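Next up: the structures, one after another.
The two complexes that follow have subunit A in common; it is paired with subunit B in the first and with subunit C in the second.
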Partner chain A sequence: MKLIQRAVPLALIAGLGLTGCTSNAQPSSATGTEAGGPIAVSSTDTECTLTASETSSGTVTFNVKNDGTQVTEFYLIASDGNRIVGEVENIGPGLSRQLTVIAGPGSYTTQCKPGMVGDGITQDFTLTAGANGTVDANRVALQEDAVKQYQEFVAQEADALEAGTGEFAAAFAAGNVAEAKALYPAVRMHWERIEPVAESFGDLDPILDAREADLEEGQEFTGWHRVEKDLWVTDASYTKMTAAERQEIADGMVTNTKELVSRAKEIEFTVDALSNGSKGLLDEVATGKVTGEEEAFSHTDLWDFAANIEGAKTAFEDLKPLLKGTNDELSATLTKNFTELETLLAKYEKGDGYVLYTDLTEAQIQELSAAVDALGEPLSQLTSEVVK
Partner chain B sequence: MTGNFLIGLREGLEAALVVVLLLAYLNKTGPSHLAKRIWIGVAAAVVVSLGFGALLTFGPSGLTFEAQEIIGGTLSIIAVGFVTWMVFWMARAARGLGADLRSKVDDAAAASTGALVAVAALAVGREGLETALFLWAAARATGETWEPLVGAAIGLAVAILMGFLIHKGVLAIKLAPFFKWTGALLIIIAGGVLAYGIHDLQEAGVLPGLHNLAFDVSTIIPPASWYGVLLKGIFNFSPQTTWLEAIAWVAYVIPVMALYFARLRGGNSQPSASASGTHSAVVSAH
Partner chain C sequence: MAESTAGVGRRKILSALGVGGVGLAVGAGGVLSAQAVTAASQEEPAVADTVPFYGAHQAGITTAVQDRLHIAAFDVTTDSRDELIELLKEWTAAIASMTAGQEVGGDGAATEGSYEAPPEDTGEALDLSASHLTVTVGFGRSLFVDADGKARFGLKDHLPEALIELPHFSGDQLESSRSDGDIVVQACADDPQVAVHAVRNLVRLAFGTARVRWSQLGFGRTSSTSTSQVTPRNLFGFKDGTANPKSEDEAVMDEHVWVSGAAGGSAWMNEGTYMVTRRIRMTIETWDRSSLAEQETVIGRTKKTGAPLSGGEEFTEPNFELAGRRGPLIDENSHVALAHPSRNNGVRMLRRGFNDTDGSDNLGRLDAGLFFIAFVVDPRTHYVPMQTAMAKNDLLSEYLRHTGSGLFAIPAGVSEGQYVGQGLFEAA
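After this line comes the complex of A and B, so read on.
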């Protein structure tokens, strides 16, 4: 019963004193021009009719008319079914009451309660985002932008991965060891940049990227690291693959990568997936790359390292507009720490790629590890800031 | 017609009962100017409610749902506090019934002129805004049909008539039991008002447990039935009562009632301050 009617005060006099002169008993609703206009609700003893089941969020007005014979009530209830967003009670037969609420986008339920008992007559009601140009609406737009940009990045990297994997697999199958060895770390960077996406496919990830040491019982050793071993291990105890075996592994990589790429392009991201993915990439660096475990035979861990950081930074950059004005401090810290890590990593560039992990000293590894940790801590705060 | 009549009756009764009991009490014990204070409070509440209701109905802006429920709920709970204070104040005054009754009540009341006005204003005002909104809606609908306004007006008129009859009735009761039972009745009514206020705050989301019902007898006592209306109008009885409401009612009524009767007994134990003293047992209404 919080009513806001905008009406000419004369309506009061007209209503009270000059009955019969006004054929419209609700002069207020005619002049109430909110965005989208008021929604008329007719509550009878058996029905609850709304002129719309959807409107834009913000200030929403319902003109509730009791067209029945029993006293009725009208409620707007939040989607959890418990919170009353607004209500008008005590609407006598023949009377109109207005309900004005301020509500955000989402799903709601409207409820008429003729006789004021029971669960009433309910139906779904939707408030769509954006009409009022509120801060929230702006954030929704920023979130959509971030997701869209990251989606494009994923699609781009996935395409590059598919093309690169084809080349690499062909060189390997043909026994062209030098070319395969050169392609290996470069093509893998496309994988590593979008690793959280690739890893989200629990069936494909082990086939393509499992390390020998991590294989579970019954799992076959296939994919990138199987090839890595064949290319780099020269030990007398290791038997190189035959041409037929190489072809089989290569075909498997191409087929599975194709499948992975098409699925990766289908994923619908949310901002928290971006920020969590960014943090996930950094964890990958900390647990695999900075320890030299990932590339046990090729020792090209720094390529993966760099690619992981690039992927993490892309997600952060896409999310950065959401921090503006809400947490500029975190934004500045992350920007600074990403730059410091990149600068540090640049010291180990060599040709088109990086020095081998085995060329790093213990002190250098410690330094890289410290820079990764320094970035990881503020990055873990990102999700809570962007989902606001 | 019937629906609007019953709403008018219910809202009218809710507001009238406390006032009637307060008035009757003061008529018995105090000089007539004390009763005037009650009427000042009532008049203030009616004017403010109607004005505020008209503003919200026809003005450029209104309250949010939460604000409205919080105001209604808080006013109800404050009203309970004042009525409780009144009951005990009257119990104390009852002990002073005697030769020097008038001066004593005067002394007591002199310090609480504002309080008497406030009790009456709150008792009426807590229901006033809701009633005013309902009445304005009825008034606005008169362009289409007279029925809602007529129904509501008849309901209110019947409520006032019932109030008047009760007023007459309680005045005809012997003095001693009168004090005892009007006080007790006020406590029960106040308990209902408290539960109603709690319900408002639950609807506003300030208090939890809106959907945890202690009992639901709405099929036996429909809120729209005449007996449902009377129960609601007199005792604020809700056929769908939440646990929190029920607990609040019991937690208020039982200790306050016990304390009240303890006070009355305490009063009777003092010979010079007995409520059943030498004063005339029956006082005519006017």
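After this line comes the complex of A and C, so read on.
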């Protein structure tokens, strides 16, 4: 698990909106109106000034500067007056943000909204034919499809997690050590496949998945890793739980997992949440699994590793249609690097699972780590491509 | 010699003697006489590259932060109180020499000593200037009592209450070989070789009395302690220490840094302070893969100018109330929000940390981070509550791992003829 629970929900819940691409860029002094060149927007409390009212269609960039005293927003709205093609929000006074959209020829409206209320300051904007970039008219539909598919995947994994946790908790509470040990890494894979979702609940995640080092003084050690310790640690320095203690921990896992599953099914995703979640899973692998820190007692890190990768790949596959025609190269690179990592991981399959982390040699760990980095780097480019 | 040479470094002394490089200096067996120094002072205007060693407070705390660090913690290996005091005396003399840009010991590095004996000074700083070297010495809790609470060196009754054992913070992955220690020595300079030279010579003087427990090199100060300094950047590429208190603000130093009014057994701490050290590993690679939007959200400031996300410029006061589309523009768990005095009962700490890199780890990842150093009047009020909140909530914690930790009592400064920590040992 991550050291902190709140960063992912930021991406998931406070996501950037379905079609908006906000990225903060340095203030631009660009005044040119060359085809496709950035258009500078100055938003004051009373005015919204653009350096051009027309440019060619395709990839269009606006450098929006807040020259006013209130928080402002900038929108590009389609001719029907309803559909937001792109938006950038939360620009503090004096700050600049960039908006990049892919849009076809036609009539549009730009809108600055100082104070983030009311109808804002609007004017007409035209995109002429002569594209510098391909425009897929069905982009919005593709984005909706991706989100829907991923939502189904999350629901499916969440259900499996709830069922598996029940089974595991029962075995543990009953003192069936061998059965609990066998179930442990397999059931956890359902958690790890949707880890960014599970982690987005800052109240439940520590109860269910905190590692011992993550706790602060006085905080109770509960959940998966508490049980892991009890199942695997055998030396004299550790006192095994009593039957009553086991029951209490097991009950807590079941109750909290149930709550988590019901909440997970209610999350409304955006495409950037999918891509950020996918990248987040690779980060999980890079910081916790490939270093053997996650499963300190059971050493079943490779199960988590594999599940993280599966979750990341599912999100990527759902988003892949959005790269078609806009960034085929990134699509090909990611496809190839996912395959390479999966192939490498397959070498360590054993029975229904994987070899223990402690059975890996230093060279093998380094090889896995390099493959994770090789995938993680291009994966970090995915969000900016799919939100267009 | 000490007073009159202020501002004159080794390089100038040597060039005044007409000696070019190190090799020549050794060959010529040049004598650094007071006369030569005076001549140098007259020929060239002194460059202010020494920091006075003697004073009410130790140097290296409110001193404008130099760019390089070599910090070392020692475990005292002797049981003899006299030997410990003797070491502190030797160290004090050596520190006074080195910070003045001079060699350690009467015979120096390559001059008047026996040809058959190793030189007293190790010599690698010979042709370098004083580089604003400061050396700051402090005492860990373990110098006063051992792990079982048993007195050491008769100091137990003088253990200040504020010199606590730090609690385990959420996410701590501390390594004992990078934590704690009986004595700490912080050497800071503009030139890394000068800082390393200082620690190396002190280590040498300590053999048989104390041994190094851990040490760390740092480069690139990560905060400014003076209004004359621009705000530097940490290894995440963000300006760090924008809101750090500045040493020119004496009222803030008196309230938040310098101990006063300590009575009884810990009266020796007056004019001193407490130093918190934390070795913070940064997961550089995953940070570099996070979007600029996430990076800025985590920090609460823009990367380019350091302006708070609530608007304005670098030194504009953050507005934590200013609402955006989905909650405050500055996330309440951003680094800037959690570190701000308004969220910490108004307490402030004088941060004086450094970037650090120990090459790469076994996975080829940069073993890099921030060596956090802060000076506070009382760690119980000025560090523990803030770190507790940050370890738990700071969005930045996801990219950090605390691997080393230390807390040291920094005694007052010394005047000529005294040794560092004399107040403690004479009180005892």
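We adopt the following convention: the second predicted complex is superposed on the first by the 251 of 388 C-alpha atoms of A that agree within 3 Å, B and C clash if a C-alpha of one lies under 4 Å from a C-alpha of the other, contacts with A are read in each partner's own complex, and residues count from 1 in each chain.
To be clear about the criterion, a contact is a pair of C-beta atoms (placed from the backbone, for glycine too) under 8 Å apart; a residue touches a chain by one contact, two chains touch by 3 or more.
From a predicted model like this one, the values you see are computed outputs, not experimental measurements.
Of the two partner chains placed by the overlay, only subunit B lies in contact with A:86; subunit C stays clear of it. With both structures placed on the common chain, the touch criterion links A:335 to neither subunit B nor subunit C.
In the superposition on chain A, contact of A:71 is made with both subunit B and subunit C. In the superposed pair of complexes, A:116 makes contact with subunit B and with subunit C alike.
When the shared chain is aligned, no partner comes close enough to touch A:151: not subunit B, not subunit C.
Contacts of A:95 after superposition on the shared chain: both subunit B and subunit C are touched. Contacts of subunit A with subunit B, set against its contacts with subunit C after fitting on chain A, overlap at residues 2-4, 6-7, 11, 14, 16, 22-26, 71, 89-90, 92-95, 116. The touching residues of subunit A, counted against subunit B in their complex, run 1-9, 11-12, 14-16, 19-28, 69-71, 82-87, 89-97, 99-102, 115-118. Those residues of subunit B that touch subunit A in the complex are listed here as 1-4, 6-7, 11, 54, 56-65, 67-68, 130, 133-134, 136-148, 151-152, 203-205, 210-211, 218-219, 222-224, 239-240.
Residues of subunit A that touch subunit C in their complex: 2-4, 6-7, 10-11, 14, 16, 22-26, 66, 71, 73, 89-90, 92-95, 116, 213-217, 219, 276, 279, 282-283, 286-287, 290-291, 362, 365-366, 369-370, 373, 376-377, 379-380, 383-384. Put simply, subunit C touches subunit A in their complex at residues 167-173, 283, 285-286, 289-294, 296-298, 302-304, 307-313, 316, 322-327, 329, 331, 333, 362-365, 388, 391-395, 397-398, 400-401.
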